[in-house]
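Two complexes come next, and they have one chain in common, chain A, joined by chain B in the first and chain C in the second.
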Partner chain A sequence: MIGLQDVANGVMLGATIGLGAVGLTLTYSILGFANFAHGELITGGAYAALTLFWLLAATVGWGVGHFGALSFGAPFLVVLAAAMLLTAALAIGLEQALFRPLRRRGTQIVLVIASFGASLALRSLITFVWGPEPQYYTREISIAREVLPGVRVTADQLFVLALTTGLMLALHLLLTRTTLGRAMRAASENPALLALTGIDPAAVARWTCLIGGGLAAVAGVFLGLTVQVRPLLGFELLLPLFAAVILGGVGSVYGALAGSLVIGLAEALSVPLVGAEYRAAVAFVVLLAVLVIRPAGIAGGRE
Partner chain B sequence: MIGDVFAYLVFFLVIALTYALACLGLNLQWGFTGLFNVGVAGFVAVGAYTSAILTAPANPERLGGVAWPIAAGWVGAALATGAVALGVGLVTMRFRHDYLAISTFGIAVTIQLLATNLVGLTGGPFGIHGVPRPFADVVASPLGRNVVYLVVVVVLVGAVYAGLERLVRSPWGRVLRGLREDEAAAAALGKSPATFRLQAFTIGAMVMGLAGAVYAHFVGFVAPEDFLPILTFQVWTMLVVGGAGNNRGAVVGALVVWALWSASGGALAAILPHALQARGAALQTVLIGAGLAAVLLVRPRGLCGEETVVSPHAVAE
Partner chain C sequence: MGGHLTVGGDLTVTSATLTVRDLVAGYERGLPIVRGVSLEVARGEILALLGPNGAGKSTLVRAIARLVPIESGRVLLDGVDVTARPAHRLVRDGVGLVPQTENVFTHMTVEDHLALAAAAVERKERRARIAAVYELFPDLAAQRRLAAGRLSGGQRQMVALARALVPAPRVLLLDEPSAGLAPRLVEAILARLRDARALGVTIVLVEQNTRAALAVADRGCVLVEGRLRLVAAASELAGNAEVARLYLGSSEAAR
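Moving on to the complex of A and B:
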């Protein structure tokens, strides 16, 4: 039986997928390839935060803290910002060391193979350094409250939803009101023409990686906060991310957000019907259906 | 001592040549036709499970268990994998290559889920044990059995190699390369891209399924964690290192990469402190991942590279 609670869960899941999918759709259209390593940016962000929490606890004795009904406090926000920067640096590092040299001489497919290899290598490196066991930021339990009849959410989840909305608003303003945003949109439309205006496409690519990596880190830290930190965290999100991006049309930020909401709802609502064990295949079925019916995505998008 | 080395060499070659089979299958799809299949592990799994289900002794908790002869299991594996690939291909062959990559990745994930959850058919997370090993009743010693198995695998790889070489050098193979290089031109000559791609995809997948069956009967059991994305990645690395578009390269790549993989495993076991041993496999994957990136950057053609073919009718300038 599908209830309101499933809808609420789907929206929450959709928000987290959205943080990853928006970054993925930007890099997909601006860097010009399907980056299979995007899931590992999410995982990387989660582990960067985990390590920072350890360091803070070991050096200045900060815990995760807590504020009101939230299971965390101010230190969490500091760590989140730092994890975003670290993950953005990882994304830029991958772009500079691997993808840019390959883009100059190879085809799009070579880039996809390379990103598949980078994904596995990063995932294995994370497993090697931090171990395969699931870990947690805090042992505090965030208590679910009834916000609507039959719908219980935790304060942490509401915080995640609010911050995601804020970040998306900021991204919207960046893309529409700033020179960088216009350059990014131009880079996905016509990179050659962009270069003619005197803007360095490599710099635009780096900014794109920074934004994509930063948003992926937020998704990873939120998943770490509300679920747990595991080496497969981001990898298991890869199919939902791609499904959301293609559903919304590659390159469309709003499409990716809408797609994420659809995928999140589809996953949450299908659990009572097909069982949790097949949840991972739901995003894939939606993806196939979109590709068969509208290969360019629902929100248009370009071929 | 020499006996140990010999036994290890036989074991090594059987595994490496099993990879070579999967790599030959991928070479037909990617090397010659340009089909970006990121679901190699899924197709290998279909073959391995099919043969295991057909040949394993009866088990009240599982369907199948009809204890067919091993040869029938292998034929069944190729046919079942071909059928799955045909179904998948009918839907996906008209997708753009990056969408094909994402779709095949999803297929491998789905096959993995089915293998883990269809307990009544696949044995679930524990897999299927007691997959019969050929010649078990004829040859007594385990080493002798491995040697006989190696001979069978060598003959099989040789036959598949010869068959694929014939195919890719035939007019049919030329159409595949033509499609890969310039789809519009090939279509303008009246060659249906979707049909030829579907044929190449299905035949390549059948070879992968055969590789899965060969693997299952060598180790004697199949389980879902034998077919993780790392398998796809290994086969891709082998093809890229050996040289896509060259069947000799596919076999050479499988041997070289599996040798490096085994050697790095041994080296890490010797170097790493005891506490980190359990995580050594993860570090091994990092090394191979970095190696693949390095080959792509430094030598994109691979060790062998594709032969340049010039039409005998071409006039030299």
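Moving on to the complex of A and C:
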């Protein structure tokens, strides 16, 4: 039976997918191709945080700490911020070293294949450096509490939901109220015209990578916190990410968020119906259904 | 359309001479569309760039604005070589281009267009610049919250022109601003160009509509197969039926 608990789980999953999907849809529309390495940005963020925790523990003796009912404390926030910066740097590095030179000469398919190659290479590198075994930030257990009758969530999950909401609100303000946001919207429609407006499209692309990488890191760290850190963490999220992006209509930030919620709910609600083994296939089925029925996405119509 | 030179204070520019020397340019290397063009546009002058379809008029202005790769030759602004500067830098140096098509962001409001263009100006001047441009285009002020994609063709053209005027360009390149517009709107656009020239802007006007272009221009030049065939005073070109027949096609001569 589907219960409120499944709905709550779906919303939580949707929030995490949303962090990745929003970054993916931004880079998709502004850099002009489907970046398959976006999953590895998520994984990279999770491992960056893991390494930073080790370093903090080894040097200044900081643990993950804990605050109230959360399984972590202030050091976690410091590590999260640093992991966002490191992942953003990785995203900008990929753009500068790989995608930008290819975009000048090649076609879209060349970029997509290149990003697929980057994805494989990064995943192998991560497995080589950190090993294939799952790892954890903390052995603390965040205890689930009943927030509504029949709905139990952990403090960690609520924190994830609150921070995701805050980040999305900040992104909304950035896109609608600032020059950078206007430039990003402009770049997604017509980069040449943006240059004619006096703004460097390459700089806008770098900012987009920074934002996409930062959000991907948050998704990775959240998954590391609430599940575990594994080399396949981001790659396994790639399908739900693309499903959410296409569902929402490529380039639409709010569409990607809505799509993420739909995918998250579809996966979580399918568990009591078809069993947990098949939940990953649900995103795929939803994606195929949308491609057949509404190729431009639910909110689509653009292009 | 109201709004004339009363707003000049905020938009007046130090005009510049545009010099193009032996320019060879095209979308693909080795396949030049502009095949060695040299021309000079004086400060505050309107030069009409005429010629048949496919002559390379659009490519020429797009190459000057650095949207099309330049293979050889130079572009100078007041004697300073700006050939190597990327498109966005050129805007800040005072060169503006209004492309013929896809010249607005359809999902963005009129206000967004002007705000984005104002990013190229000093922060403290931004508000005044936008206000001055709205005075020049009062119709746009009433539609500032509308997405450009919902505007008519003529209004879009006005948005594109207004957007280009925000950073107070010294040289303005216009690629067929009258294309597809009703005569009344063509006249409105040309009136704005006269306003811009009065502010000191140097203008290169690409046009298929020869008669309208020569009515507003000081000089005209005819481009055929990527090369300049003729440069003369606008009045002289307008009265020369032979030129029109030879270079602009007989249908143009009949107009």
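The rule is short, and it goes like this: the second predicted complex is superposed on the first by the 302 of 303 C-alpha atoms of A that agree within 3 Å, B and C clash if a C-alpha of one lies under 4 Å from a C-alpha of the other, contacts with A are read in each partner's own complex, and residues count from 1 in each chain.
Note that a contact is a pair of C-beta atoms (placed from the backbone, for glycine too) under 8 Å apart; a residue touches a chain by one contact, two chains touch by 3 or more.
Quick caveat, the model's predicted, so the values are computed rather than measured.
Clash-free side-by-side placement of chain B and chain C is the outcome of superposition onto chain A. In the superposition on chain A, A:G131 contacts chain B only, with no contact to chain C.
Once chain A of one complex is fitted onto chain A of the other, the partner contacts of A:T51 are absent, as it touches neither chain B nor chain C. Once the two complexes are overlaid on the shared chain, A:Q5 sits clear of chain B and of chain C alike. Taking the Cα centre of chain A as vertex, the centres of chain B and chain C in the superposed model span 90°, given to the nearest 10.
By the document's definition of touching, of the two partners only chain B reaches A:A34; chain C does not. For chain A, the partner that touches more of its residues is B, with chain B and chain C as the two candidates.
Touch criterion not met for A:T226: it reaches neither chain B nor chain C. In the superposition on chain A, A:Q96 contacts neither chain B nor chain C. In the superposition on chain A, contact is made by A:G117 with chain B only, not with chain C.
Once you line the two complexes up on chain A, you'll see the smallest CA to CA distance from chain B to chain C is 15 Å.
No residue of chain A lies at the contact with chain B in one complex and also at the contact with chain C in the other.
Contact residues of chain B toward chain A in the complex are 34, 36, 38, 91-92, 94-99, 101-103, 105-107, 109-110, 113, 116-117, 229-230, 232-233, 236-237, 240, 276, 279, 281-286, 288-290, 292-293, 296-297, 300.
Across the complex, chain A meets chain C through its residues 179, 182-183, 185-186, 189-190, 192-201, 302. The residues of chain C lying in touch with chain A in their complex are 65-67, 86-88, 91-92, 96-97, 99, 102-108, 112-113, 115-117, 119-120, 163-164, 167. Taken together, the chain A residues at the contact with chain B in this complex read 33-34, 36, 98, 101-102, 105-106, 108-110, 112-114, 116-118, 120-125, 127-128, 131-132, 238-239, 242, 246, 277-278, 280-281, 283-284, 287-288, 291-292, 295, 303.
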